[in-house]
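Paired with subunit B in one complex and with subunit C in the other, subunit A is shared by the two complexes that follow.
Showing the complex of A and B:
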């Protein structure tokens, strides 16, 4: 089966691989939103800051002839540091001082301000085009850059690690307890602020890795992506799946990726994500998999 | 920027545009929801007005059409998002950034960009007075009640969905007035609404004070004065964002809260 996407003939196999590539990146980014919401009950508008910091660090390191894996490691560290700084300097003060005319909207507005300040001052990032053309895998009758395949594998592995951390570690137990009943979790000895810091670290590493993987996108994806492409898709994913459920966020991410890849035009990926986002909020206000929510207090 | 206008004229234009979008943000905030993409409605109105002006339509008809287009889009968005939780509404409003990013000014519209700021200042002053009366009206009090406690408001017969749809529509209409009139701004640039417009509007609301209708206008005046500095659009946004962040954390009641505290003493 062949279909037109942009100026290129796409096979079903290629579409499937593209969905896996985009979906895993979106899922990685979306669970960053979900993790911070589960831990603190507030939506982190500034989550893309970690992605921007990571992309900027990767570009900077590659421009200094560092190998891609060193650059990727540096990017993840830069993204993690940026995420923790945002949590401590921006979200924590806004979260801890309630009341006033802004009320519970303070962390949202503070996050928006942090995102805008960083976005306005962040340097332009460059894709590692020379590395993308360094090697190809021949899959299902077409060539896929090796770096893209490696980016997809890294995203999927990172997703599995995050799920394992949340399901099978002491940190995950504390996170789930905080999400279910914050007061009871605190009474049981779960430290809310240390949990917020660890969650910010984990969520921003996910965001950073997603941004780095997106830099390895095949050439036919670029040119139709805006700087807001990744955050918008991540938002649509959490809106579709449900903000307080990790598996649902991942499913939402793959739905968004499928809709974008299978759409008749290649130039409407932002519009598709935005439309899915508004439709999900209007028709599925609690998400697709409401039963898998980790946080029960999102009724406001 | 290639246009040359006096700093006073530049400030008046900025005051009017930011004040109108900020008043729209404030009206939605009063109903308990955060509208992160109100500038998108200004961009929609600007695009519609610019397209009509470029085709030779009378200015007044183009402006009215632009405002109505923005209000209609606002109503549609309000209907879609009014039932969402506060977090869901904020997330949905971020989808409007896609609209801001996709906006392109029709060719030719810039040639007509030589208007005086008088109309936009009259519009923002009128909107400010209207918002002051609105806050004291039956609907304004109902919106405040919904914003404070939705269930209690429902208990006394207020429909939160209707209140929020109205608030979003009025907010979009005010942003639409700003957008339509901005087509005649000497430095008209529709891409200025991409996030920059939202940040300036939020900075106006939070700096001035979200407690009353005058707050966004006081904040807009501050943003307009700061905008005269010869810096790039990105640097101006960064300055507004840092000011917004500082005010959100340190002075959530805005400048208005300083005066009200002093008055109480």
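Showing the complex of A and C:
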């Protein structure tokens, strides 16, 4: 079944795959925002640094004829290192000094500075277009690059792993406790700073993997040339779902992706994400799924 | 000199000063707790009992020295203090409402590395406190006051503490719960676990204690063995202070 919306031609299968692909990438990126917020109670505006570092590393490694999986691994490591460095060098000093006229805005401002500095210094990223045409899957009368399918599967698997880590590990227990009652968690022996470091590592790996997966997106349905538009979609996702809830931020991500994919034109993607962000802030100040929040200060 | 003085205290607090909201609320407290004993801080509401315990647990900033088992606690972060076995149970129980009873107990053992022993200890704690065992999968926010208190205590025991700091564990309990809680504290002490207790029920707390510190306006106004302190006017005044509307 085909239908025509504006300048884009759709099949239901194609729309479904597009939403799954883009939604899982946005969810992976948004979950990084949520994780760092749950652990520390501050919004990590510098989260995209890990995505930028990962994309740059992948681009650099591919330009040196490394296989895609080596490049992806290198990208994740680069993103993770960048995220932890930003957390320790930029955000931690800002977090640990309260008061003054800047008060709680201090980590936000420091994060913005880190983001701006990294954005200015980061090398150009090139999409691995030659790899996209290396093989295709034929699904429902629609040809999808093999690499894109693999990127989608990797994103979904990564999401499931992160949820399992938060739900079923000692680290996850500590994270949920820290987000719910920091003082009680510390009294029970949960170290706030070690948890921040581990969370920065996990969130950065999510951000890095999201950026790498987005690099595998074929041109015809993203209309994007770089992975740096992720932050806007990620912000809209956490604003819609709720910043301190992992399932909610994932649902928010799929809502943003659906709105973008079903829009008449691919050129409006950023405008749609921005509109959803503004609407969510105005109409859903606590997000869609209030009951699933992991940070106690958000309740009420 | 008493016999205890020849052993040396497990916990020794010297000249503890505690700041809360930029104001000093505890002024130079000095106290000692010996192995296998119960020491109790009594005093009217706002006398600085909770602030003292929180500062010992490093949950409030304080000045002065806190030595536990021969090691300075006042230079450590709160989680390190807990890992050293000095475990604080807050007055509001400090439960993580979104976690289940079982998960709260697991959280108590967060610093422990003996994973399999933790699993057994969770089961043993649920057996020990049948009221909790029946609610093992319930979220902590759904518990009654008595169940919450048991869970807070059970969670602290999961850390394998060398000493407990109990901040008004009978607060919010019905009278029968208060008696049961005091019996439980005596039982724990009988098993060799030293306890520093802050209490509003001064007479009952004094009755189960070995040593009592009477606090008022952030200072210790009287200290002594419980048999003597039970008849001191400061303890009586503290009791009246708590009972006053």
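In this text, the second predicted complex is superposed on the first by the 282 of 300 C-alpha atoms of A that agree within 3 Å, B and C clash if a C-alpha of one lies under 4 Å from a C-alpha of the other, contacts with A are read in each partner's own complex, and residues count from 1 in each chain.
Here, a contact is a pair of C-beta atoms (placed from the backbone, for glycine too) under 8 Å apart; a residue touches a chain by one contact, two chains touch by 3 or more.
What you see is a predicted model, and the numbers here were worked out from it, not measured in a lab.
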Three-chain arrangement built on subunit A, subunit B and subunit C clash or fit: fit
Contacts of A:153 with subunit B and subunit C, given as first, second, both or neither: neither
First (subunit B), second (subunit C), both or neither touched by A:139: neither
Subunit A-centred angle between subunit C and subunit B, computed on Cα centres after superposition, in steps of 10 °: 90
First, second, both or neither for A:12, with subunit B first and subunit C second: neither
Comparing the two partners subunit B and subunit C, which touches a greater set of residues in subunit A: B
Subunit B versus subunit C as contact partner of A:63, first or second or both or neither: neither
Contacts of A:173 with subunit B and subunit C, given as first, second, both or neither: second
Partner chain(s) touched by A:181 [first = subunit B, second = subunit C, both, neither]: second
Which of subunit B and subunit C A:191 touches, first, second, both or neither: second
Distance of closest approach, subunit C and subunit B, by C-alpha atoms in Å: 15
Overlapping contact positions on subunit A, where the subunit C interface meets the subunit B interface: none
Residues on subunit C engaged by subunit A in the complex (per definition of touch): 57, 59, 77-80, 82-83, 87-88, 90, 94-99, 103, 106-108, 110-111, 155, 159
Subunit A - residues contacting subunit B, complex: 37, 42-43, 45, 90, 93-94, 97, 99-102, 104-106, 108-110, 112-114, 116-117, 119-121, 226, 228, 231-232, 235-236, 238-239, 243, 270-271, 273-275, 277-279, 281-282, 285, 298-300
Residues of subunit B defined as touching subunit A within the complex: 29, 34, 36, 77, 79-81, 83-92, 94-99, 101-102, 195, 198-199, 202-203, 206, 209-211, 234-235, 237-238, 240-242, 244-245, 248-249, 252-254, 257
Interface residues, subunit A side, partner subunit C - complex: 170, 173-174, 176-177, 180-181, 183-192, 294, 296
